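Have a look at these structures, which come just after this line.
One chain, chain A, appears in both complexes that follow, with chain B as partner in the first and chain C in the second.
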Partner chain A sequence: MSRIWAVAMVVIKELYRRKDFYVLFVLTALLTLGALSVNFFDDPKIIRYVKDICLLLIWLSTLIIAIVTTARQLPAEREDRTIFPLLAKPVSRGQVIAGKFLGCWLASGLALLVFYVFFVAVTGLREPHLMWGAYVKSMFLHWMMLAMVVGLTLLGSVIFTAVSSNVTICLVAIFGILFIGEHLAKLAVKQAEPVRAITYTLFYCIPHIELFDVRRQIVNDQPLPGWLDCGLASLYAAAYAGVLLYATWLLFRRKSLST
Partner chain B sequence: MSIILRTEKLRVEYPGGKMRQPAKVALQGLNLQVTQGEVFGFLGPNGAGKTTTMNVLLGFIPPTSGSAALFGIDVRQPIARQRIGYLPELTYYYKFLTAEELLRFYAKLFGLPRSETDLRIKKLIALVELEHAARRPIKTYSKGMRQRVGLAQALINNPDLLILDEPTSGLDPLGRMKVREIIQRLKNEGKTVFFSSHEMGEVETVCDHVAILHQGELKATGVVADLVAKYHANNLEQVFLKIVGYQPQEVA
Partner chain C sequence: MKAVSPKLLFPFLIVLAYTLGTVTYSRAVGRAAIGASDEGAFKKLLGDGRRLFAGQFVEMADVYFHSGMYPSIFDRASQPATKAVTGAVNDHDDHDGEDHDHEEHEDEHAAAMTPVAENWLEAFIHRFRITKHSHLTEGNEREILPWLKLAIELDPQNIETYTTAAYWLRRSLQRPEEAEAVLREGLRNNPTNYELLFEMGKLYKESKQDHERARNLWLAALQCWQRQDDAAREANGRDLAKIASNLGELDEEDGNYSQAIQDLELAKSVSPHPEAIQAWIERIRAKQSAP
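What follows is the complex of A and B.
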C-alpha cells in the first residue's frame, strides 16, 4: 500500500503545481461573484440562481480537472520516459494503476473541497442558515461520482494513444450519461427490437453518474437522500470504479512501454 | 562468487506490423552470467539488442522464450528489482518535482524508513554535486544535471547491482569523469555494475568483463585483455570492429 500511496502523492503534487486548477477556480469564482453582484428584478431568492450557477460551474470544473489530470497520467509517463525508472523499482504495473487512480481521485477530491468551501462562503453571504448536512452529502456524492469518472478516463488512457482523444471521448461520454442516462429506460420502451434490447443493455451497463447529481435539491432546499442511500451509492461507485480499474490493469499489464 | 545476473537461452521477438510482416528477432539464445563485484560492459552497435536485454532484465518486456534472473529471482517478479539501481539513457524525470522530492519518492517505492531516506538523500545529493539545486524543480535543470539526478536515483536503495544504459551519453568530459569515478567507487565497495556503452575507451578503463552483441546474438564474452589477445587486436575498439565485421573504405 505504501507504494500505491507514494505514486498517488506524486499525482497530487502535480495537480497543485500545475495551473489548470487555479485557472478553473478563478473562473468559477469570478462568474459566481459576478452573478452574486447582480440583482435581477429585485428577486429576494436570487441566491437560488447563484447557487445553481456556482454548482454548475463546480460540476464542470471538477469534471474537467478529473478527466484532464487522469487522461495525461499514463501517456505522460510513456512520453517523458519516466515509466522506465518507475517500473525498474520493485513496483508492479497494477500498483502503478492503483496509485494513479488513487492520486487522481484524491487530487480531484481536494479540488472539490476547495470549490465547496468557496460555495459555502458565497452561500453564507446571503443565507442566514447554511444547510451543512446537505452540503456535506452533496460533496460526498460528487466525490464518489468522480471515482467512476477517474476510472473511466484511466481506462481510456490505455486505449487511446492521444490524450486529446481520450479527454474528448470521456467528456462526451460523461455529459451524454448526465443528460440522457436516466431517460434511456423510457426511451427503450418505445423502441422495437432489437433497438429496445440494445438500449436496455446500454442503460444497465453505463455508470449512472446522474444519480449522484443532487444540485436540484440543494438549489430548491429539498431534502437529500439519507446516509444509507449515500452509502449504497458509494458501493455502486466503488463497484464500477473497481471494474474499470481491473479492465485498465488487464490492458496495461501487457502494453508496450515505448511510445 | 555468486551469480547476480543470469540469462539462459533468452529470445525476444517483436511482433510484425499490421501488414503481416514477419516477427523481428531482437535477441536469440542469449546466455549471460555476471558475478558479484564485477563491472560488466555490454557492447554492441545500435540495434544489436542491448536495450532489449536490459528491458527484459528490468521486467519491462517479457521474454519470448528462455529465462532471465536477478539474484536468482525471475525478472518478472517485482521483488527481483529490490536490490538493483537503474539509470536509463536520457530520461526526463518528473519535471514538477525537485531532486529531493524525486529521491524521496523513489525511496518510498523501496520501502526505506524516513530517517534512512534523509541520510541517503543528503549523501547522494552531495555525491552528484547538486546541493545548490536540490530544492529547485527538475524542469530548471540542464541535461548534465538531469543525468546526475538520474545517477542519484539509481543509487537511492544502495543497490547491489547497478544497471546503467549508456550512462555517459550526452555528458561533457567532466560529467563523464564523474560517472567513471562513481562506477569505480561502487566497484571498490564490492557492487556489481552492468552497463552498456558505445565508448570503448571507457569500457576498457572500468570493465572487468565485456560481452559483445551483434544482431541479437552474443558474439564474444570475456576479460578485455583476453579478447584483445584472441582477436590479435591492439585495443577493445579493434576487437569490436572485427566482430561486427566493419571494413574500412579507402578514401579517394
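What follows is the complex of A and C.
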C-alpha cells in the first residue's frame, strides 16, 4: 500500500506544480464574478443563475483537470523513461496503475474542494441560508463520478498512443454520456432491430456519469437524494472504477514499455 | 539593436494603457451623447444568429420557474408540455366569460412535466432528479428574470418575452415601474404591436388604477390589431376577443354600459365562447335597465 501511496503522492505534487488548475480556477472565478456583477432589474436577491453558471464551470473545469492529468501519466512515464526505474524499485505494474489512479482521483478531489469553497463563498454573498449538507453531498457525488472518469481515462492511456487522442475521445464520450446517457432507453424504444438492441445494451453498459449531476437541486434549493441513495451511487461508481482499473491492468501488464 | 530595460518598458506600458483607456472611453461617451444607439454585446458578437438562442433562454426561465423539475427533449417528444412561465400570461388575460378549471389544467400540466421511468436503471436515475412538480412563489419568481432579460437581448422581436417579463414583474413581484420599462423597450423595438399595447393597458388598469390611460392603450391596441392583413386577423381572432372583452369590463366598471355592450358584441363575434359573452351582455343590460 505504501508503494501505491508513494506513486499517488507524486501525481498530487504534479497537480500543484502545473498551471492547468490555476488557469481553470482563475477563469471560473472571473466568469462567475462577472455574472455576479450583472444587474437585472435592480434586484440584488437574484442568485440562481450565478450558482448555475458557477457549477457548470466547476463541472467543466474538474472534468478537464481529471482527464488531462490522468491522460498524460503513463505516456509521460514512458516517454521520459522514468517507468523503468519505477518498475525496478520494485513496484509492480498493478501498483503503478493503482497509484496513478489514486493520485489522479485525490488530486481531482483537492481541486474540487477548492472550487466548492469558492462556490459556497459566492453563494454566501447573496443567500442568507447556506445548505451545507447539500453542498457536501453534491461534492461527494461529484468526486465519486470523477473516479469513473479517471478510470476511463487511465484505460484510454493504455489503449491510445497519443495523449491528445485519448483526451479528445474521453471528452467526447463523457459529454455524450452527460447529454444523452439517461435517455438512451427512450431512444431505443423508437428504433428498429438491431439498433434497438445495441442502444439498450449501450444504456445498460455505459457508466452513467450523469447520475451524479445534482446541480439542478443545488441551484433550485431542492432536496438532494438521501445518504442511502448516495451510498448506492458510490458503490456503482466504485464498481465501474474497479472494472476499468482491472481492464487497464490486464492491458498494461503485457504491454511493451519501450518507445 | 539595444535591448530596452524592463524598468523603462513597464512604466511605458502603463502610460500607453492609460492613454488608450482614456481615449476609447471619451470616444464612447461622445458617441452616446450624440444619440448613437448601442446595439448590445450579443448583436455585435452573434449578429442575427443570436435569435436561435433566445428560445433556449426562455426555456431556462421555465426550468427555473419549475424549480428545476423539467422534462428533457426526449420526454417532451412523447408528451408535449406547454411552458408555464409564458402560459400564465394568457391564462390570466382571457376574460371571455368562460369559467376555467385551473385545478384540472394544473393536474394535466403536472402530468406532462413528470417523466416516467420505464426500467430499473431509469428509476434509480430518477432518484437523483427533482420529481416534485412546483412553481416558484413568494417573490422567488425573480429568479426567472435574468433569462428573460437575456432572451429579450437576443431576440428583440419576440413579443412573448416582453409580455412574460412584464407580467411577472407586475403581478408577482409588484414592480410596475420595471414592468413598464420592459414594455416600453418592447414598443421601441416593435412600435405597432397590439400585444405590447394590451399588456401596457393591463399594467395601467391593474397596477396603477389609471382607467383612462388603460382605455386609450387598449383602443390603440385595437387599431393596431385591425391594421393587420386579413390572414393575420383571421389567425389572431382570439386576441381581438381578449382586447375587446377587457375593454368591455373596463367600461362596465366605469358605468359606461352602452360602450361596454358594444365592446362585448365585438368580442362575441370572434370569441370561442360566444354564449358566455352573450350572458355577460345580458347582465349588463339588466344593470342598465335597473333604476
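As a convention for this text, the second predicted complex is superposed on the first by the 255 of 259 C-alpha atoms of A that agree within 3 Å, B and C clash if a C-alpha of one lies under 4 Å from a C-alpha of the other, contacts with A are read in each partner's own complex, and residues count from 1 in each chain.
The criterion applied here is as follows: a residue touches a chain if its C-beta (ideal position, glycine included) is under 8 Å from a C-beta of that chain, and two chains touch if they have at least 3 such contacts.
The structure presented is a predicted model; accordingly, all values stated were derived computationally and were not measured.
Superposition of the two complexes onto chain A shows chain B and chain C fitting side by side, with no clash.
Once the two complexes are laid over each other on the shared chain, residue contacts for A:Glu193 go to neither chain B nor chain C.
Within the superposed three-chain model, A:Tyr204 lies in touch with chain C and out of touch with chain B [touch as defined at top]. Once chain A of one complex is fitted onto chain A of the other, the partner contacts of A:Gln217 are limited to chain C, with no touch recorded for chain B.
By the touch criterion defined above, A:Leu257 reaches chain B but does not reach chain C. In the superposition on chain A, the chain among chain B and chain C reaching more residues of chain A is C.
Looking at the shared chain after the overlay, A:Thr82 reaches chain B, while chain C stays out of its contact range.
Look at A:Pro90: by the touch rule set out above, it reaches chain B but stays clear of chain C.
Residue contacts after overlaying the shared chain place A:Ala185 against chain C, while chain B stays out of touching range. Nowhere in the superposition do the C-alpha atoms of chain B and chain C come closer than 24 Å. In the complex of the two chains, the chain B residues touching chain A come out as 58-61, 78-82, 84, 86, 88, 90-97, 101, 105-106, 108-111, 137, 150, 153-154, 163. The touching residues of chain A, counted against chain C in their complex, run 38, 40-43, 45-49, 141, 180, 182-183, 185-187, 189, 203-204, 208, 210-214, 216-217, 219-222, 225, 229, 232-233. Put simply, chain A touches chain B in their complex at residues 2-3, 5-7, 9-10, 13-14, 17-18, 80-82, 84-92, 95, 256-257.
Listing the residues of chain C that touch chain A in their complex gives 63-64, 67-69, 72, 74-75, 78, 118-119, 121-122, 124-125, 127-130, 132, 139, 142-143, 145-147, 149, 169, 173, 175, 178.
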